[in-house]
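Each of the two complexes below includes chain A, the first together with chain B, the second together with chain C.
Our next item is the complex of A and B:
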């Protein structure tokens, strides 16, 4: 019921995104028909292509078609390849997801483990090293770190392939590079949250019950400190999809990001528009997922969302 | 217990009655504190089946002592000398694993704040069963059955359902019952209770004290009960220890310590205990009305958004009263009674949903903020928490003068007034350039009162202004309120949950329950011959009725 309500609430958001995506792309200077026809084409040829693409229709009619294309793959066709956009996206989405999900999971794993150790050993050498490494991880742009990694592991050491997506080995470097930011963020977040939770009275209660220190940390402290981290994970995942444009260019992965870059280069409007719309939909689903996970972790927010109809956004 | 342990124990302790012996305990404080020991040379014997109360003000080391027994001292506090002997073993030298085994099984503890002492993300059932699981007792089924039994034993409603509840759905008293159930799970020999009723309402406190005493008698447990409240001591204790600044200053039976205290500190503490007073205060009569409230109403609404139902809570329901110049109106009630909402309404910190607030002859209830601004000077507030209500980055001078200066006073005049009021509240003028953290809780509350006085108000609303303070400080601040009132003739709305305090300072008392005024009148009438059932229950629940009678309401010299 709650999930259904959230999806209903999402419809106006998606409509707003569709309007923005459609009109902003439409306002880009340049004529897709002229681009497709090439330099040598006559005016008649360009006009024919324009009418074939439907670009001669009124903007309102084209927006109507755009919306219809969401459910009808025959209408949502790439200008450049004449294939349905859903096919184009479908072929490339898995590669993008492998990098994003892999990077996020690796980042969370590294972040939580180092975060817990740092919180328990405040001021130690491990804490100092992790602080430096995570600071570097947060500050370093992905394209720069990516190039450094390619130079070291692919060019100098020749351990891993430099670019492409042919084998699983091709994904190792991008996943590691993409993981640095969430790893750094989570490490700091988990340390800070855990330190805050460590001062709570219920940990003393747990100790007074005779629980071992490990149990106190894992069952009582860590779970409580992860609640806030979940929503950050959602935001990070969304950011990774957006960041795929850069990552996939650096590592030469034919994923969604690259598709988007190519589409912009060739004025392939439908691909741009539907990609943006899909990103928006994915963001909404991620938000819902983080809220549901947060509620599963923290019963107090269940009560609240039942009362207000919204989660903790 | 086996024979060798018996012999070993008898070597150490003279009587077989002693279950826990603290011998010459010293716990050091980190360098730079106001003293170098949290507790110093404390020797205490807890006997079988007795309730031993440890009483002292904040910073007396009473909690440090009880935490040392549990091995739960924070790392910066180290026991440097002495022994804590339980069952023939010195708890200070036992390995951590042995201590862990004792905790929850042989020695259990309940804490002050039931709101924060329970894990908010775990069900009640899991938390109770957690004690048994930690000690490897029983299977999942038997642990659940035992948890159910415990929940019944501590008198929680709907035991089956209760096991599946999360703490945030329970009231403070229910949470404390859950804590007690948890502590009793493995039938410990010793229960340590650290201020277990301090955060509770007076009627709930009476119930929890009753429960602890009842369980202690049935199981023959020994209880070490840490508290700052002599009323509670007189209700529950067999013997009393009095601590001051880490030292043990007096020990004895409850009768002796309460009626014939020997140490000067104990005498002062006992004298400072607020007592019910039946006499009418010699306040001013026939002065003009400064604040008149008619049919005031406040409804809290939540939800009511897209596709969801609205919830309504009536916090203040049809409240009317008059406050005359130089007189004090007490507002008493338990948490959730609407007394704090009433205070916020008077200050216009929240908007009301009906009724009139007549201040200086004008109805300010419905005024927009801009129109109310000139009136804000005439009504000022003293807040509950003296630590949170002063900006830590501002000097006292700035805190005091900021208000008048925004209202157009010249800084010079404001500074002079600040020095005058600092003097009136008993602080030296040198306080002007210092920061809040340099002051104690009682001194900060004096600053809070000086801040309210800066506007030369006609009405001061004091919301639980002394409940965060130690009893001896409470008595001083109460006296300050009386002195300030005598000098400035300010009308005082005194919101408190403590009926004993209200009986001392008020000319008239409103008793609030669920947003409504159930009874009002002079304290003598309200407290000595209450007309309403709820008032009767409140008065009956006040701890320490015996000492009230024994002293005939007048503080000891």
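Our next item is the complex of A and C:
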């Protein structure tokens, strides 16, 4: 019921996004028909292409068609390829997800493990190394790190392919590069949260029950410190979808980010508009998912959301 | 191989056709062997010849489709399917008889009906064809028997062979296109030596030999794979590690690294991409002396070496190399003479108290180092006392700006690169009075007359004379600040033999082989 209500609430949000996506893209200077026709095309030739694309209709009519295109793929076609946008997105989405989910999982794994170790061994050499590495991970632009990795692992060491997406090996470098930021963030976050809860009485209670220290840390301390981390993971995942624009360009991966960059470059309005709409929908789903996971981790928020219907406050 | 005398050919026209026919490609018998991987910066989205606008797409279309005429590595027009051809006496009908027995890769026959249908779709803007305007003078195609197609021309046009040799004139299977819709752009059905094996949007596509191919240029390779890698660094890594055999758009600062890899060498072929500042020839720039002053006050060689890393050659005519070289005229390069430029400005009435004000528009990221070139130009014009300001625009605004009517333009010039196969098309569209692509507003009655005459004649000698005159007038009138022709830079693996690329940046695979490694 709660989930259903959240989806109903999302509809006005998506409608607002659709208006923004449609009108902002439509306001971009330049004419998609002129782009397609090239700089040697006369005004008459551009007008013929504009009419073929339906750009000579009124903006209201085109917005109506844009909305209709959400349910009818035959209307929502790319200017460049004439294929339905859903088809274009459909074949690109898996590659973006592999990199984003892979990067996030690797980041969480690395972040949580190093975070726990750092919290337990405060001030040790491991803590110092992880602090330096994580600070570098947070500050290093993905673009730069990606090129450095290509240079080291592909050109110098020849361990991994430089670019493309033909084999699983092609995804190793992008996933590692994308994982650096969440890994760094989680490591810092888990350490800080663990240190905060470590002194709490309920951990002494757990210890006094005779639980092993590992069990105390993993089942009690870590679980509580993960509540905040889950929200961060949601934001990170959204950010990774946006960041795919950069990663995919550097590594030549044919994902959504590349599709979007190319669509902007060639004024392929339908692809831009539906991509933005889809990103918005994905964000809404991620928010919902993080709320649900948060509630599972922290039973107190369940009652609140049951009372208000809007998740954690 | 005789032109069709029954269509009333004059001897002169026949000679023209024969001259072209002698360049017929030699039949190759070698079996397809080896594979090649090519990493390109651009992202091919469609191979439909009526919609494709990328050089990579042109290269693929030449492999997948056959044409009545084609252009090889030397940019010369040669017959491909065509066997006999000729114009009617009034120059309004063009007839081609072609070789029969060819089939599309799906088994459909490539007969006169198919050829006519392919051209009629190309000529129909409602089909989404972006070349309907370029080909408009072909009028309408009609099948005659099994082996002849007749073009009922919309106007006299002596440059039809050039149009027919362009890869947009590849013969598509209209029936398969209608069944497949947009998918035809990815898995086109043609009668050429190769077919598309797989297409992964944004990543790679590959071609394999077409078993039904009947022509004279059979596949030489078992597989050609194209990868799309937009990031320069990653693309260069592919050639340095041997993952790719050819890469395009090698940045100037990566040339040494590729050469030093021991696996590949960088080649720097000419490009027809002619970069100019297209001046608005009215207002302050209506005075020819001012336009000349702008042209002779810039150090082209210095900018090419200092900014472009040597990847250009100074202009010696408006159109770039490879633009129908038989009709292209070249002239001594514009001198670098700031002192004379100052004198010209003084003569035109400008001086320290009354400086000439100019706004100089450039795109950012469209041509090699475009915005830096803009700064350099402005600085050099300021050095001769001009109050010049640069206006660097993003690509959308820059493109929209150059389509504004002249009266609404707020600048005095804009940087544009032109690259079109065909002297007639290029000069007609850029310099004929009143044509909407003539964004300099250049107007010269003599040029107008010559352009009309040049289009109507089919005699190559007459064309050479006419277009020579047109190009001379344009060069002397300085309607543009002519800058340079960009150079291409490609990394080619040592195992690749016979790789060729035309000045229009179309790769040619006719004689390409790879040695095993």
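As a convention for this text, the second predicted complex is superposed on the first by the 310 of 313 C-alpha atoms of A that agree within 3 Å, B and C clash if a C-alpha of one lies under 4 Å from a C-alpha of the other, contacts with A are read in each partner's own complex, and residues count from 1 in each chain.
Throughout what follows, a residue touches a chain if its C-beta (ideal position, glycine included) is under 8 Å from a C-beta of that chain, and two chains touch if they have at least 3 such contacts.
Keep in mind the model is a prediction, meaning the values are calculated, not measured.
Touch criterion not met for A:6: it reaches neither chain B nor chain C. Using the contact criterion defined above for the overlaid structures, shared-chain residue A:165 touches chain C, although it does not reach chain B.
Chain A is touched at more residues by one of its partners, and among chain B and chain C that partner is C.
Judged by the touch definition given at the top, the superposed model places A:188 against neither chain B nor chain C.
By the touch criterion stated above, A:267 is placed in contact with chain C alone, chain B being left untouched. By the touch criterion stated above, A:208 is placed in contact with chain B alone, chain C being left untouched.
No residue of chain A touches both chain B in one complex and chain C in the other. Chain A meets chain C in the complex at residues 28-31, 34-46, 48-49, 52, 77-78, 80-84, 88, 91-92, 147, 150-151, 154-155, 158, 161-166, 249-255, 258-259, 261-262, 265, 267. By the touch criterion given at the top, residues 5, 8-9, 200-202, 204-212, 215, 220, 223-224, 227, 297-300, 303, 306-310 of chain A touch chain B in their complex. For chain B in complex with chain A, the residues that touch the partner chain are 70, 72, 100-105, 108-109, 111, 113, 116-122, 130-131, 134-135, 166, 168-169, 179, 182-183, 302-303, 305-308, 311. Interface residues of chain C facing chain A in the complex, by the touch rule stated above, are 39, 43, 45-46, 51, 53, 125-126, 128, 130, 132-134, 181-183, 185-186, 200-204, 227-231, 233-235, 237-238, 240-241, 243, 395-397, 399-400, 402-403, 416, 418, 420, 425-426, 429, 435-437.
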